[in-house]
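What follows is a set of structures for review.
One chain, subunit A, appears in both complexes that follow, with subunit B as partner in the first and subunit C in the second.
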Partner chain A sequence: MAYWTTRRRDVLTGYVFIAPQLLGVLVFVLVPVGMAIWYSLNKWNVFTGRQTFVGGDNWAALASDPQLSSVLLATVLFSGGVVVLNIGLGLLIAVLLNRRFRGATFFRTLFFSPVVVSVVAWTLVWGFLLQDNGGINGLLGAVGIEGPNWLQHGDTAMVSVVISQVVRSVGVNMVLFLAALQGVPSELYEAARIDGARSRAIFARITLPLISPTVLLTAIITIVGALQSFAQIAVLTGGGPELSTTVLVYYVFQQAFEFNNIGYGSTLALMLLSFVMVLTLLQWQLRKRWVFHEQ
Partner chain B sequence: MSTKDHLMITARKLLGALALTTAVTLTAACGASGTSGGGAAAGSTDVKLRMTVWTSNEDQLKLFDSIGDAYKAEHPEVTSITFESLPFADYNTTLTTQIAGGNAPDLAWMGDLSKDLIGADALVGLTDKLKATNGWNYDDLEDSATKEFSRDGKLYAYPFSNSPFALYVNNDLLAKAGQKIDPKTLTWDQVAAAGAAVHAKTGKAGFVVRDFDYTAWNMLATVWTGFGASAWSADGKTCEFGSPQMQQAFTFLHDAAFKTKAMPGPGTKADFFAGDAAFTVAQVSRASLLKGSFKFGLYPLPAGPAGKYSVLGQAGVGVLAASKHPDQATDFLAYLTNPANAEKLAQFFPPPRKSLLTGEKLAANNKVLSAAQLQEVVVDQLPKAVTLPNHTKPAEIAQKGKTALDALWKPDADIPAVLNSVCAAIEPILAK
Partner chain C sequence: MSSRRSLLRRALLVAALAVLAIPFVVPTVWMIAASVKPLPEIFKSPPSLLTDHPTFAAYGEAFSFQPFARQYVNSLYIAVLVTMITLLVSSLAGYAFARIKFPGANALFLVVLTGLLVPSEVTIVPLFQLFKQAGMINTHWPLILVTSLAAPCVLATFIMRQFFIALPAELEEAGRLDGLGRPGIWWRICLPLARPALSAVAILTFLASWNLYLEPTVYLTSPELFTLPQALTRFTDAYGGEMWNTQLAAATMTVLPVLIVFVVAQRHFVEGLAHSGLK
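And then the complex of A and B:
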């Protein structure tokens, strides 16, 4: 029997097709993660290139880092705010723009357009708008309201970075939800209306279950994206005031590249990686309970 | 063997290959540890030198290139000298990343990173080479200029730029607000009073400490030095933010920001050079930003309660020990900074050479400032000037200090408590 059977050829073809992706995963994921693990076990003097093996010292330093609790709190507040608003507003805007009305295309373009703007340029503009004598306070002043000094107080600084991030990225979720909404069969709505169902019930019983796979997808990508948001913080607040907007990914950058503590920065990066993995796996498991899969 | 079994075996092989590659990479990383560059033999040919700079000014880069070309003409073994312009905001991060990544430049400009580089033995000592270079004239260097770049009497970076901080005044704005100042007897209290009057009358800002922007607090040394305060002790081990002098200085700044409004508060932008402020504290080299849109004055810093003083902003250039050609790089540095080239560089950067430090010589190529101005704000200030606070781990100290100091920039701040919290935050780093 010949070695190159049809089955073997198919298997080989399959591997050839996934080879570029596999190589990418190897070079850009597995190797960096492996190196980060190695660096987390070392103290690295970047000025001389000397590495000293310190075992679990960097991991033990996590427990005694006085700034870490503030950083984790800021991470939870930022990510929580971004995820809730991004999914909630994305869905709301998609539902509103899913109707047929004059100018719907214009509004879809309007809400999506910030996504294509450079994040640094976008954040710089927001920085000017949010400064004490900036555009937003100017508008508030025109209607007799004295606006706060947005980026100088902990609460308003966090609100500011969350809003600037959500306004920029909500268009992605909106487009995904729009695509999902347009895939819901119209006869289901017609049947529900004939049966006398109200709009709220139609949304809860028909729309939401049918777009739940998209909700799962957007939840995963929004959470991962929120945990990786860096430029907004770096440009808008620099992690301040105090540590109110120092999220984990920004703290990783500070430790590794500004303070040259590459070992500790790698340890923090691995902690962030484990958070992302746990949250993603959790959602993947929970999907069985709330994601509707048509049989 | 079934297809399923075959696929599983192939998948195992693939995973094994991935693990092996990762392990090989890790081993390579282990093997790389402990290496620190190292120089090639002095007699190498085809030497390519690279120097990182933070200027992107075309005229300055042209001057560097012309000096590099002249050096190459005399040294055929050096085939290329590149001046790599890195953005100032990320300069330290980029430079350290290049060093950590095994791609260190041969020479580098440096500011507050110098202490770390010198402390880590990452720079080549220059004194012997410069003293031995014919005509270099080492004794011509101003002592106050070399202090920050020296350790145990040995120079590790040539202080090519020594730009004292000065007070720029927008005379048009002062006139509009009916304010007059006497630069000979000017004090910080008078600047604050005039600044507050300008703000009240015109809506423009009073005085601005340029580049401070409520984040880069070390720039405030241009004010607190006049109050007799310093960030830490001379040996760099004890924090002095809690001193009465520092409290007095920060009370002055806090009042200016929140009570008299002489200084724009946090989150308010005001650019002196665009005509938005009556005064600014900035380096003399910033005079190139003046575009003639208003009448200006340039004076030494106003006196504080502790009297007259001067603060210096510096940049040095050193040779990295990780350079592949440290000998050739040091030789080029000696050439770049010899008396003739130092005179050329002086048109952009106030030099450390006493022989070049006269108002007339500095004014020869300066289109904005007169000889008298340069004599008063540069030449007369340099010998007694102190530098901005500089310490090892500058970025970490800056961030920890800023995090604590943020609490001060509120109208009802408890100034002594906040300043003590700055010490609590930075003292563990100072003690390292």
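And then the complex of A and C:
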């Protein structure tokens, strides 16, 4: 019989079809992660291009880095703020838009539109609006309030970055929540209403449990996305004032490309990677506890 | 009585949504409005949206200050190329992972998925070294290769797999009876059916490439090779002062085409995303 049976041909086709994607992940993701691990065990001299093996020195340096605690605090504040506001606002808008009324599509378009605006353009405009003599203080001044210099104070700078990031990206969560809300069977609502349940109880007991898988997934995506927000910080505050908005990603970039600390930068990058991995795994485990699955 | 109440409730709903929408709409409107104002008027207090002396001078300046037309072409051709490669690579891999049984398929799929887990900031230092050794720094190759084969493509492969899994097996059997091999089934039967998934992938990939900022900043040093997001941050005068109206004009030109396409095709955007398997 012929060697090339349908089965054999199928197996070969499978490998050929996945080859470009697999190769891409190997060369552009896995090999670089391996290299980053190796870099974190080395110290580099930028001028001579020489690298020397220093073992755990870079890792020990994490403990004695006087800036790291501020960076981690900024990272937690930024990611936490973005996730809470993003999920809360996304859910609120989705619930409001989920009712049938004229103009629902129009509003959906408005809320989603910042998603397609490039991060840098969006952030530039916010920077323009938030400066001392910018549009926001102009508006506040018109009603007799003297606004702060938003980007120059530690507290308001963080609030500004978080809000500009949330407004830009909440449209994605809104759409995912809308799709989930539309999947809730209307019989359940009718049954609850016949039983005399109030809207708030219906939302807490029926809607929320049924869309919880989506809430979980968007939470993961949003946290991981927030941990990777680079352009927003770079363009709006440059990590300042002082270190108040220097999140981990930005610190990695500074160490690696501005201060040329390739080894230490790679160590920080791996710390970022471990955060992302731990969060993803944690959420995955939690899923079993509280996510309701329809039969 | 009850219809009046429901009318009132609807009015309240629309009012609440309109207030909520302000921060979503004002920045973009402001950007466009300020780009046609003379510079001194940009910081007028109280601020107004309209000007008595509209001018498009800042638009011209954007082109004379930097090779902006060139940067535009760079962004456009890179995004189109990246989108085409991603569509091909992800539909092949997504199809194979969904429909073909081959040893190690599950394990290899998990390996591919790790591409979604690793932030690009983690790999950028080693990638910089790799591309330096390959002589590709200050070329567009890193932007094209990494975007079309790493994280955005992995997301695309995942979306395509989710879509192909749901296709009924009878379709493929019919194709087989017609004498089609695997590549024929993929190309003639499955891809035409996958248009919703393909358009979701195309939109997501195009935006990912069009908006890329970290990678161009790291890999490119010559202004004539810059992409738009990177170029937008370079509008400062000789003293490092911001050229706000020029910058806003350039930003408007960067944003407007995508925004117009979005408004026209918003149904595709939103539904593509909602059904992209992210649920």
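As a convention for this text, the second predicted complex is superposed on the first by the 273 of 295 C-alpha atoms of A that agree within 3 Å, B and C clash if a C-alpha of one lies under 4 Å from a C-alpha of the other, contacts with A are read in each partner's own complex, and residues count from 1 in each chain.
The definition used in the following text is that a residue touches a chain if its C-beta (ideal position, glycine included) is under 8 Å from a C-beta of that chain, and two chains touch if they have at least 3 such contacts.
These numbers were taken from a predicted model, which means no experiment stands behind them.
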Exercise. Determine, under the contact definition given at the top, whether A:Pro20 touches first (subunit B), second (subunit C), both, or neither.
Key: second
Quiz prompt | Contacts of A:Asn45 with subunit B and subunit C, given as first, second, both or neither | solution = first
Quiz item: Just subunit B (first), just subunit C (second), both, or neither: which does A:Val172 touch?
Solution: second
Practice problem: May I ask you to decide whether A:Pro185 touches subunit B, subunit C, both, or neither, giving the answer as first, second, both or neither? | Solution: neither
Quiz item: If you stack the two complexes on chain A, which partner ends up touching A:Leu243: first (subunit B), second (subunit C), both, or neither?
Solution: first
Quiz item: Looking at subunit A, does subunit B or subunit C touch a larger number of its residues?
Solution: C
Quiz item: Is A:Gly88 touching the first partner subunit B, the second partner subunit C, both, or neither of them?
Solution: neither
Quiz item: Between subunit B (first) and subunit C (second), which, if any, makes contact with A:Asn133: first, second, both or neither?
Solution: both
Practice problem: Have a look at where A:Asn260 lands relative to subunit B and subunit C in the superposition and call it first, second, both or neither. | Solution: first
Quiz item: Should A:Thr214 be classified as contacting the first partner (subunit B), the second (subunit C), both, or neither?
Solution: second
Quiz prompt | Doubly contacted subunit A residues - partners subunit C and subunit B | solution = 11, 15, 22, 26, 30-31, 35, 128, 133, 257, 262
Quiz item: Inside the complex, what are the residues of subunit C that reach subunit A?
Solution: 10, 13-14, 16-17, 20-21, 23-25, 27-28, 30-31, 34, 43-47, 88-90, 92-93, 95-97, 100-103, 105, 108, 111-112, 114-115, 117-127, 129-130, 145-146, 148-151, 153-154, 157, 181-183, 186, 207, 210-211, 213-214, 217-218, 228-230, 232-233, 244, 247-248, 251, 254-255, 258-259, 262-263, 266, 269-270, 273-275, 278-279
Self-check item: Sites on subunit B touched by subunit A in the complex
Solution: 3, 6-7, 10, 14, 18, 21-23, 25-26, 29-30, 32-37, 92-93, 96-97, 99-100, 102, 116-117, 120-122, 214-215, 265-269, 321-322, 393, 395-396, 399, 402-404, 406-407, 409
Quiz item: Which of the residues in subunit A come into contact with subunit B in the complex?
Solution: 7-8, 11, 15, 22, 26, 30-31, 34-35, 38, 42, 44-51, 67, 128, 130-133, 149-152, 238-243, 254, 257-260, 262
Quiz item: What residues of subunit A sit close enough to touch subunit C in their complex?
Solution: 9-11, 13-15, 17-18, 20-33, 35-36, 39, 92-93, 96-97, 99, 101, 103, 105, 107-122, 124-126, 128-129, 133-135, 138-139, 141-142, 163, 167, 171-172, 175-176, 178-180, 183, 213-214, 217, 221, 224, 227-228, 230-231, 234-235, 249, 252-253, 256-257, 262, 265-266, 269-270, 272-273, 276-277, 280
